[in-house]
Each structure stands twice: as structure tokens, then as C-alpha cells.
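Both complexes shown next keep chain A, but they swap its partner, so chain B is in the first and chain C is in the second.
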Partner chain A sequence: MIGWPYRAPRLFGAFVLTAVLASAGPPAWAAAPADLELRPPNLKPAPKSVEAGMWDDSDRAEAHTRIAAELDTDPALQAYVRGVFCKIAADYCGEARVYVLDRPFLNATCFPNGYVEVWSGLLLRAQTEGQLAYVVGHEVSHFARNHSLSKWNHDKTTRDVATVLTVGVQAGAMFGMVKVAQSGAPNSRQMIDDISDMAQNLNDLIYLGAMAHIMAYSREHENEADRLGFQRAVAAGYEKSTGPDMWTGTIAESRASDFAAVRKADVRASIYRTHPLDQDRIDALKAQGGVVAAPDIDARKRYRAAIRGHLGSWLKDDLRRRDDGQTLFLIDRLSEVGEDFGVLQFYRGEAYRQRRHDGDAPLALAAYKTAVGYPDAPVAAWRELGEALRRAGDKPAAAEAFETYLAKAPDAEDRWLVEASLKTVKGA
Partner chain B sequence: MKTISTASAFVLLALSLIGCGGGTLDGVSPGPMAMGDKHHLTLTRRWADVSPILPQRSKKVRVLSVDGPWLNRVYVARGLQPGEGMLKRQDKEHPVPSFHADMAPTELVEFATDSVSAMGYMRVETSKLRPARFGAADGLRFDLAAKTESGLEVQGTAQMAVAGKKLYVILYLAPAEHYYAATLPDVEEMMRSAS
Partner chain C sequence: MAGCTTTKVKSAAPAMIVQAAPDSKGLLIQPDVQLSLVTASGMHAVRADWSQAAQANLAAAIANDLKGRSHPFEVMDPAASMEGRTGQLLRLNEVVGQSIFIFEYGKPKLPTKKKKFDWTLGEGTQVLRAQTGADYALFVTCRGTYATAGRKLFSFGAMFLLMDVPLGQQKVQASLVDLRTGRLVWFNVATAGSGTDIRTPDGARDLTHSLLKGLPF
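Then we have the complex of A and B:
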């Protein structure tokens, strides 16, 4: 990879660059031509080409994933997600290898060789199959338009140009400094320092300009993939609200974060962002015919049926991110479907228990109490209810909850611990 | 994610090489080793203190190894106070599991497994939860199974106890194949002697 040494940008350079780029304005949505060229199915790269190198990298990533601990091995889930892929990308279905990874973040990737990753964080956050299809369609569109290759070429050209300019600036500065030194002028030392500073400022400007150019190109790709992914989803029969609803949900989740930086992250426009702002994506999709509408409850129920078996483990993974505000937001939204209350209320209790803010203990207790009223509550809900009641000072109710736990989980590894807690609350 | 992992691995490798080449890793001789001000354990063999090459650990955690941290490592938490964890918090947006004085025993186990997850291990499961002693204090002992990101099976065992409102942990992790069993007797003795 070709690069150039980075120095902290001088104020002057940053100011000038910002002014230049702000006046130029970011490229508008849908800058790509209408008749976009898509890669043919079953494309193979020419040997020793740049693309072949990318395929090699992708092959290695895929080989790693096949043995990765995060690989979700549920064949039904893998088949379901692959089915969604094939619905919106029938043209590439035959060559795609789709893998679900248990990673609690919203992401999916379609590599140049046809290897596709879908993360569990996306599956947990999509409210309908249509929303999942939209995101997968977005990734397929990167693949179909060979964005990784064009980005590689674009970035390389940008870096090459920046390198040439940097060398030119340095050479010019050197020439100027030599001339000044030979002139014997009384203030030559000061002039040499000024030339050196100016050269550094110019190189900072070149660096920042190059980075901004690279990021702008990345945003162009994201915009194009948004549009094409949306078109694929709609063409496959999914609702026109899929794309806007997906981003509306991510905005709301960000705002629910426990952390100020996360809450503010998606409202700060920047020429150095790799992706457009979510609100800009919604507006752009609306311009393409997308609508913002509450997802259809029947569609949500159908989708829930496909992921139900993983709901608990994915929520547990999400809790490990330790952004309980976001997890609680997700649980609220998942609860709107009107199903899975035992699991959802248990993990609501877990989020409050883990967060430990003032007032969280009663909220955790209330959630555990609600959870155990539903048949799908994990058996651990009884143990946690007992512990929450013990802390609240309600020893008789705590004893009852512990006894229920022991009856429901006679072989539990922590039986001796719960028996000890039971003795404590019974005053033995 | 992959870029970050690669970068992290590179940094760790570089630190490892610096550590080996510069001879900055200290050996820890057999005999008593302090676990905070009032507690100690006994080592039955010589260990390397690999703490300097594991910058993620918190200050109160010492990490020992026989064959290098990727082949066996023992985390010794020497009296964590409420709010402290096995690992250092990298930034505001990424909190790490922390100890609280009122934690129930099951929450202590959860603290340990969440800490192991935060170290980068995956699919962390516990088994054989049983009582243990730490001097005059009651403690917990349990075994662990986990995987590295690339799927390597890892085994572990942990002993933890709260004494004087501080948490003491001995946590052993090693690849399931060969290494876990090879060093386990020394770790068992370490845990048995902790008081």
C-alpha cells in the first residue's frame, strides 16, 4: 500500500481545506448514471489482476470464518438468511456462500468472491424480513457494482496523486530555501523557516484533501448501494418502507445509548465520514419512493418466527456491549410484536440489573416478576427474581422464587448456591 | 473488525518481541507471591510475569505464564475494589465488567465470564460450579470452556472470593489440547494455597 507520512494538520491547512470542500459541496444522492453496469454472475477475475488479489483475501477471510467461533451453526437460520439473499439477488444466488456470525452489531458484508457475512446484530435489529432484505440488498449492490475494486483503484490513484504533489511541494520548498540561502539576504533564516512552514501546511492540505476525496467516494458508493438495495428489495416484493424504517430504527437506537458520543455520532456531518448520515439516507430513500411507516405487525411476527430460537442468546450477546440504554431500546421494540414476553422481560431485568443506575433495582424486579408469568421465561428468571426480592427485603417471596427455581432446575450447577440463598432468606 | 483485530495482533506481537528481545519480562520464583496487602498464594514452579505484554489488564491484575500467554496464562487479581475490573476501560463508550461489593455469587461468576469474553474469547461457558476456600473466606470455583476468535478450543478454571470487600481472582486459561492439562497441577496448587 502506498502512503505518505501523516502529521497533525495545522490549523491553517484544515481551515483552508474545510472552506474549499464546503464550497464544493458533497456529491448529491444518486450521482451514478441510470444504466448502471452490473457484474455478470459467476464472474472470475483475470489471473494476477488486482481483483484476483482481492479474491485471494476474500478466500482467506472465508476460510477463517468457516472455523470461527462466531459462526452460527444453526442450519435453519443459515438457510433462512440464504433464502432472503436469493430472493433479492437471484442473479447471484448460485455463487453466494452466506454465513451468519454471532456478532452483536448491525452489519453485513458481501465480499468480491461471493462470500457473504450477515451479523446477528443485524438480524436482531431488523424488524421484518424486508428490512433484512434491504440491508443484504445494499451489500449485494456493492458486490454487483464491484465497488471494492473501483474503490481500490480510486484510492490508489488519489494516493499516487497526493504523493506526487507532496514530493513536488517538498522539492519546490527545497529549491526555494536554497535560493534564499544563496541570496545572502539579512532575513534569510526567517524566510527559510517561512518556506518550510508553508510547505508543511501545503502537505497537510494535500493529505486532508486526499482523505476527504477518498471518504467522499466511499459515501458515493454507500448512496448508490442504498438506492440499488432498496430497488432490489422492492422488486422482490418487500414493503417500500423497508429502507427508511431500518435507518429510522438505527437513529432511535443511537439516541437511546448510555453514551453521549454514540448519541451524537450520527448527527455530526463530516467530510471524513465513510457513510452518509442516517437521516440523509432516509431522505434519499424517500426521494426514491420509500415511505416511513410503522412496520406491518404480521410481517414482524413472521420474521420473529424465523429468529425466535436465537432471541435469548443474541440479547445476552448484546448485553455484553454494555450499552444498556440501547439494549433496553431494542427490547422495547421487540416487545411491540406482542410475543416472547418471558424472554424479553427476563433480559429487560438483566439489563437493569447490570446497569445498576439509581432506580434500576425495582425496575429489574418488576421485569423478572413479569417474565415468570410467561411460559417462555428462562428458568434463570426465577433465580434472579429470588435474588431481586431478597435485595428488596421480601424474604417470603424470595424463598418462594428460589424454591420454584430449584424445582424447575433440579440439576442446575448452581443448586448449592441457591440452596444457600434459600436458607438465608428463611433465616436458617 | 478484521482490521482492528489484525492491528491488535500486530501490536501484541510487536510487544511480545520487544519483551523477549529486551529481556523485560520478569521471572517469578517458586514460593509465596503476594495477592494484595493481606493475602498470598504459593507458586510451585517458576513462572514468567507476562503482565507487561498484556496492556488490557488492569493494574491490580498480574498475569503469569509458563509457555507464553497464548499457550497458558493465569490472571491473579489482587484485591479488586468496587468499580474495578480485571481489564482496563479503553474509553468511555466501551465499559468493561466491574466488581461490585453486593454481587451475588452468580453475579461473580458472570463477572468472570464477561471478563473472559471482554478479553476476546468467545462462547464462554462455565461448568462444575463448586465451593472453595480463600483463607477464612468462602469462595467459588468453576471451570470454563471457550474458543478463540479463530476457533481454537480453550479450557479454564477460576477461583474467586470476596474478602474485606475486595475481590480476589485466580483465573487460568489455556488451549484445551495439551497445554491446559500440562500446567493445571501447578495452578491447582496455586489455588489451594491462596489465603
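Then we have the complex of A and C:
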């Protein structure tokens, strides 16, 4: 029943209202007073509060994590990440439980109960300890400012207002429809339909406005956490480039994606985004004294030493995201440090092998060849080198690579498979 | 608006059920309960105190119900048993329970499970049997909401405007697992009626009575 004339004003109205609601409130950087109130250490929520409910949810999430297969159990890595947390947030060090999860995405979270998740995808993407510290500092700041609770309260108020408005619209529409029906006008049926449509459109508009208002508040929180996280990083002695560098890195990684939607995702501003654009985050951090500078090579080497043992397994996990363009970008960046070429070249080969674009096969072969020249090459590099050589038709070299694999990994589970491959290249 | 507690039982085909021997032992996994409030505009907030009260009440009521039956049974606290194979089985039961809730009680149907109730945790449940000596395990999960006064007022007023504003609802699901085969032999979902408040011992007892009425154990 809704004709097109109703659609145009509806969309225009939605745009105006959402724009007004989204821009309501002070600008992001002025949002918080100079002396921000931080939550006291070892806070316990009141038993019947909304906050206690959030703790209950967080406790359940933590209980699952404690026994999750994706929990990284390397005590050295756990201690290192916990150490970074305590450097950046000495105030909450005592109550925090820091868990490293093997999840190949850039993320970390501080739950209201002191349960902290740091994902391996963040550890792989941070180039220095400072960048890791900046992101952890950002998350700690959400925690320190009780953002989840204030977001809940803000969402509640927003939705209450929207509910009152919706009821008002509905009541007005009912009143109008009854009046029209009583008037007995010849076109009353059409008029009632029109009123109903209009009420529906108005209510859609109220909903969209409320959503935009909620998202705007979320972006304010992100901006505040960026600023406070940056302050924490600087106070802990990390470089002023750590914050901006983190976002510069994510922009570059987005652009390296195999998927157009990912490449474009971070350039479209929207009133419905939960997070600000990365470029806006960089600009805001610069306004806070942040600088854009290539990360210090010594700092990168020190950080690499802390995560070295996990580099291979994290890259393997990253390949499962099936965005080989991004994985190759990460490998390029990791290679700048000038170390770990055996591991990095092997996974470069794996990324090309998995991607299978035209011309990727020789690139994979070249990467495997380079990898086996370094002492840190995973033993699988010889197997894959053998396979790549076999496909390229170089049977003698393939046989040699397979034999090296079997010599280096005599107890490999796939020994029988590689022996079979060896037979085919030897023509037996 | 007052409603009675309703239940909806699903059972495995009789051929799949091995009748419980008179002396076979049961294992009661302590119920997993989480209750929330729902505000006027539909926001949910977990209430830890309600969850704890209902958990204690349901646990006591279920244990009491089982005592009235002929089989011996043992109680297991899942929070203390989340390590190793036992913990894996508890978590497996959790996701299988969620799937049953979706595909047996909801709209979407799995093509292979349209005609009969055919769910299992797998023979790995024998680990639990070896550990506890129980032949059957009873799992109970409860999720629910209670409307605030504001929500109730809004819902009432909204009726006059032909708007449907749902109030709180509490659902408890129970499953009986044959630990020899892993098969779910019996599954029930009870929805609390408006006069039944599981945060009170009486309400929990009423709901448990409806929930376990046809339990083949």
C-alpha cells in the first residue's frame, strides 16, 4: 500500500533526524573533563546492580576461556603479555586475569570483572611492545572508565526516549484514524491507510535515530579510550608513535586485502559505525601529541624475541582467514626486521600455494627455496619444496627435497605419504 | 493474563530407549541458570542474585523430586568438573541442547531429524559412566527474563494501542541422557506460568514438578 511519495520524505526525514541525534552532545575530544574519574582498583559491584549482571556474564565467559582449546598455554608468553598489561595499568594489575587466545584477528578486551583477553592476531600485528601496550591501554581505559556500564545506561535512556516517542506516534495515529472513521468521509479508508503508513514511517525514523545516537556514543567511547590508552602508553615510557603506528598499520593491511569490500571498508564514514575511522583515530592521536614515525628497529627486534616461538603457528592461523593478500602483507612487514626468514619465507610460500592465482606457483616455489636456506625453516618447508618442484617438473630436485624431509623428520605422521610422492618422482 | 506452566516433551523412539534397570543409578548435573530483567524499552540486564536464588531453588527441588523416585542418584557440580573429558561432555551437552531448542522447538527443521527425535552426545558419555557409575545423566538449563514494573505498565498501555509488548518469560529445559550410548532419551521444555516464580522455593518446586512429570527414570 505504501506508494513512493511516502518513501522519499521518510528517507529524507530519517537522514535529518539521525544526523541531528548523531551530532548531539559535545565533540568527541572535548567529551571528557580533564580530571576523568577512573574506577577504583578492586571494585566489587553492588549485588543487585546491572553491573553485577555484567560480572556474571563475564565470569561465565572467563570460565569457558579457562578450558578453551584456543587458550594459549605457553607460560612465557602469558607472563610476557601480563607483564605488558601491568606496565600499562599498574593500578589494575592485581585484579586482572590476562589470557592469550589463539584467534587470528586484531582484538583485545577487558571485561568488567577483570578478565582480559588478548588475541594472537593482535600479537602478530603489533610491531613493537609499545603498539601492543597502546592497544591494551585502550582496552584498559574502557575498563577504567566503566564504559560497558555507561553504554548500557545510555542505551537504556535512548531506548526509553524512543519508546515514549513511538507510543506518542502510535497514540496520535490511533486518535487520527478513529476521527477519520467517525467523520464518514467518502475516502476515509484511504486516509486511514495513509495515517497508518505515516505512523509506521515515523516509527522507523525514530528507530534509526535511536540507533545512530547509540553508535555515536560508542564512537565517543572509542575516542576516549584511544586518548587514555595513548596517555598510558606514553606514561609507561613507550614512544609517542605507538598509537598512530598501530592504525597506520591496520589501514595498510586493509588495503592489501584480496577483497574489495575490505579494502573499502575503512574509508566510508557512517553514523552507524561502532568505531571511528582509522584515519580519524590517527588524526585525533596526533592532536594529542602522537607522531607518525616508522617504528624503531631495535624495539621491533626486542618484541620479535618475545613472540618468536609463536610466529609460525600464528601465521598458520592467519592463513585460515583466507585473505592471502593480507597475510602476505603481514609477512612483508615482519620481514623488515631482518630475522626469521626461514619461517617467514615458508609461510610466504604457503600463502601463494593457497591463493593459486596465475603466477603464484613459481612464487611459492621460490619462497620455499629461499626458506630452506635458513636454519629456522620449519621441516615442512622441504616437503612443500619437494611438492612444488614435482609440480614444476623438476623430479631430481623434488626427490632430493623429499629425502631431506624424511631425514629431518623420520617420525613424521605423513611419512608414508611423502614416501609415496618420492616413489613417483623417482619413477619407481 | 495469568497462564499456567506449560511443557513440551520430546522423546526418542521407544526402540531406542533401554529401560532403566530398577537399580540403575542417575547423575544429576546441577542446573545452569541465568535470569535477567527486561526494562520498559526491552533492554536486558542479567541479575546475578536472581540467577543464584533460582539455581539453588531448582537444584533443591530437582534433588527432592529424584529422591521420590526408585533410583539412587549422585549430584555433580559442573563448575568443579569442567576439566578434561567430563568438561568436554558438559559443553557438548550445552550446544546439543541449544540445537534441540532451535530445531525441535523452533521454526527451522533439520531435514534428517524431521520425523523422529534423534539426538546423541556420542558414546564418549561412557567416560562419565565409568567415572560415576551412573547409567543416566539429567541436565537442566534455565534462561529467563522478568519484566520491570515499567515494562508491565508499558505492555498494559500498549494493548490499547494494538501494540504487542511481551513481558518476561522463563524457560527450563531438561534432558535425560543414556550414558551407555550417549543418546538423549527424553527432553522437555517447561515455560513458567505467570503465577510460578522460580526465584522462590515454591515456584521452583511447581516448575520442577511440571518439568519432570514424565521423566522415564
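Throughout what follows, the second predicted complex is superposed on the first by the 398 of 428 C-alpha atoms of A that agree within 3 Å, B and C clash if a C-alpha of one lies under 4 Å from a C-alpha of the other, contacts with A are read in each partner's own complex, and residues count from 1 in each chain.
Here, contacts are C-beta pairs under 8 Å (C-beta built on N, C-alpha and C of every residue); 3 or more make two chains touch, one makes a residue touch a chain.
The structure presented is a predicted model; accordingly, all values stated were derived computationally and were not measured.
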Chain C versus chain B on the shared chain A, clash or fit after superposition: clash
Which of chain B and chain C A:I67 touches, first, second, both or neither: both
Partner chain(s) touched by A:T250 [first = chain B, second = chain C, both, neither]: neither
Contacts of A:R159 with chain B and chain C, given as first, second, both or neither: second
Contacts of A:Q231 with chain B and chain C, given as first, second, both or neither: neither
Partner chain in contact with A:V50 - chain B first, chain C second, else both or neither: second
Which of chain B and chain C A:T424 touches, first, second, both or neither: neither
First, second, both or neither for A:Q288, with chain B first and chain C second: neither
Contacts of A:Q279 with chain B and chain C, given as first, second, both or neither: neither
Touching partner for A:V167 - first (chain B), second (chain C), both, neither: second
Stretch in clash, chain B with chain C, out of 9-17, 81-89 or 135-143: 9-17
Where chain A meets both chain C and chain B, residue numbers: 64, 67
Residues of chain B that touch chain A when the two form their complex: 1-2, 92-97, 100, 102, 104-106, 109, 114, 117-118, 122-123, 126-131, 142, 146-151
In the complex, chain A residues that touch chain B: 61, 64, 67-70, 103, 107, 259, 261-262, 320, 322-323, 356, 383, 387, 391, 413-414, 416-417, 421
Interfacial residue positions of chain A with respect to chain C in the complex: 47-48, 50, 52-57, 60, 63-64, 66-67, 152, 155-156, 159-160, 162-163, 167, 170-171, 174
Of all residues in chain C, those that touch chain A in their complex: 34, 36, 39-43, 45-49, 51, 79, 82-83, 87, 91, 154, 157-158, 161-163
